[in-house]
Amino acid sequence: MVSVKFKNDNLIVKIIGDFDLVIAKEFREKVDKLLMDRPVNNLILDATEISFIDSSGLGALLGRYKLIQQKGGRMSIFGVKPSVFRILELSGILKIIPIFTTESLALERKEA
Amino acid sequence: MVSVKFKNDNLIVKIIGDFDLVIAKEFREKVDKLLMDRPVNNLILDATEISFIDSSGLGALLGRYKLIQQKGGRMSIFGVKPSVFRILELSGILKIIPIFTTESLALERKEA
Amino acid sequence: MDKNKENFVRLQFTSIPDNVALARVLISSLVAQGDITLTDLEEIKVAVSEAVSNSVIHGYQGQEDKLVTIEASISKGILKVLIEDQGVGIEDVEQAMSPAFSTDPERMGLGFVFMQSFMDDVQVISTLGKGTKVILEKNLIKENQACSHLAN
Amino acid sequence: MDKNKENFVRLQFTSIPDNVALARVLISSLVAQGDITLTDLEEIKVAVSEAVSNSVIHGYQGQEDKLVTIEASISKGILKVLIEDQGVGIEDVEQAMSPAFSTDPERMGLGFVFMQSFMDDVQVISTLGKGTKVILEKNLIKENQACSHLAN
């Protein structure tokens, strides 16, 4: 499940469940539509309820990162579980998308 | 998983997981051995962690009920989840084995 | 995901008691793809668990190197589950299906009773010495969705 | 239940994306019958998820009426998983398995990388126009059980 909320120009996307090819598609479609419709400066992934991720999920993340970067925005992730952290780390994605422990820390990151 | 503890002459057996044919066998073997070894007046099933039961589980329950009754003892169950309650009810087992909400209530039932 | 999505899975496994849980887990995940009530989910799990346990316990009489097959399909909101073994078979199906009948004194004879209470249709095809097929059917779409909430 | 218990399961399902989760659920339940570390469990789930996703996405190119087959066996503590499709096949397996290679610009080319990092052995047998078999192997018994705890 993919649910979204806005806080000013921050788009916070929460994924619940297994971030596999099914959710990757839903995530891609939802976020891409929102980025088209509204000015977003900061895309934040709420990972507190992600119990699993594979390369389909990673690909969707990287794709949204590229998209928001083109638009001059930023992306971050918070609340990552240990098992998911390992996969993010292995993929090299942590070198480009920063991780925070809580939503408020991810929101505060105004400067880069 | 089947874990057991004694409180005086009460044997409290806790089942964790799905009470199917696998756990039924473990339950049967453990309880029958204990009933052989020690004087038990009251057999209490802790059902708080039972997430599933089918007729194999019910059969194991009924079998232990008969055994303890032969020895002049009693049996009760506590902490039953709604889904498990439905199956117990349907099977008719609730007519012979009483259900309590908590362990202490099951223990207090000294008179019958 | 809509409940009407057509789907088909086939699972085969060796006849060890621990594998009965695999059948439950698979069938749960399959039906949970649609929006099903907790009560329906629970009932389907019990019915499948009974049929698969029977194959392991009665069909193969505890021999652990045999195969049990399950086929489950969802089509037009109807779940159909076939459970099949190549075990000893049932001599008298009608008798076997009657409440409290069991050939095993340790068991309650409730397996077929549960299958029949929890599913809309139960068919049993069995040949002595050849094996047993049980076909379970259940409509996952409730006529009156409001009632299914009350049932929880 | 001991980890060395021999077991075998075969699962077949239609090539719809939602069914990739069924493969993960089944393989998790199977390996969790023995006592396995959480890390190993997670790694096996990812590897199987990659291979099955590949069959659905690349092998069948999104056609949802085809079949994917998984066979998993545990023997002497070794888990062996075969994932098979009758899809388009892979032209150059070596190239396909190299890091970051993907024929789909939206994807990362990490599937085979993860299978190779997380399993002890990965074999790919593919024929253009005929389909692809991926065979994954992992030893579930750690030489030094103490280390596997540290890894969590």
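All chains are identified by letter, namely A, B, C and D, in their written order; residue positions are counted from 1 within each chain.
In the analysis below, a residue touches a chain if its C-beta (ideal position, glycine included) is under 8 Å from a C-beta of that chain, and two chains touch if they have at least 3 such contacts.
Quantities reported herein were computed from a predicted structural model and do not represent experimental measurements.
Quick check for the class: compute each chain's Cα centroid; which one is farthest from the centroid of chain C?
Chain A.
Using the average of all C-alpha atoms in each chain as its centre, how far is it in Å between chain C and chain D?
Spacing between the chain centres: roughly 28 Å.
Could you grab the centroid distance between chain A and chain B? Build each centroid from C-alpha atoms only and quote it in angstrom.
48
Cα centroid separation between chain A and chain D, in whole Å?
Here the centre of chain D sits 26 Å away from the centre of chain A.
Find every residue in chain B that makes contact with two or more other chains and list them.
none
What parts of chain D, by residue number, touch at least two of the other chains?
18, 21
Can you list every touching chain pair?
Once each pair is checked, the touching ones are A-D, B-C, C-D.
Looking at the complex, which residues from chain A come into contact with chain D?
18, 20-22, 25, 52, 54-56, 58-59, 62-63, 82-83, 86-87, 90-91
For chain D, which residues count as touching chain C in their complex?
Listed in rising order, the residues of chain D that touch chain C are 1, 5-14, 16, 18-19, 21-22, 25-26, 29-30, 33.
Spell out the residues on chain D that touch chain A in their complex, using ranges where they run on.
17-18, 20-21, 24, 38-39, 42, 45-46, 49-50, 53, 56-57, 106-108, 110-111, 113-114, 117, 152
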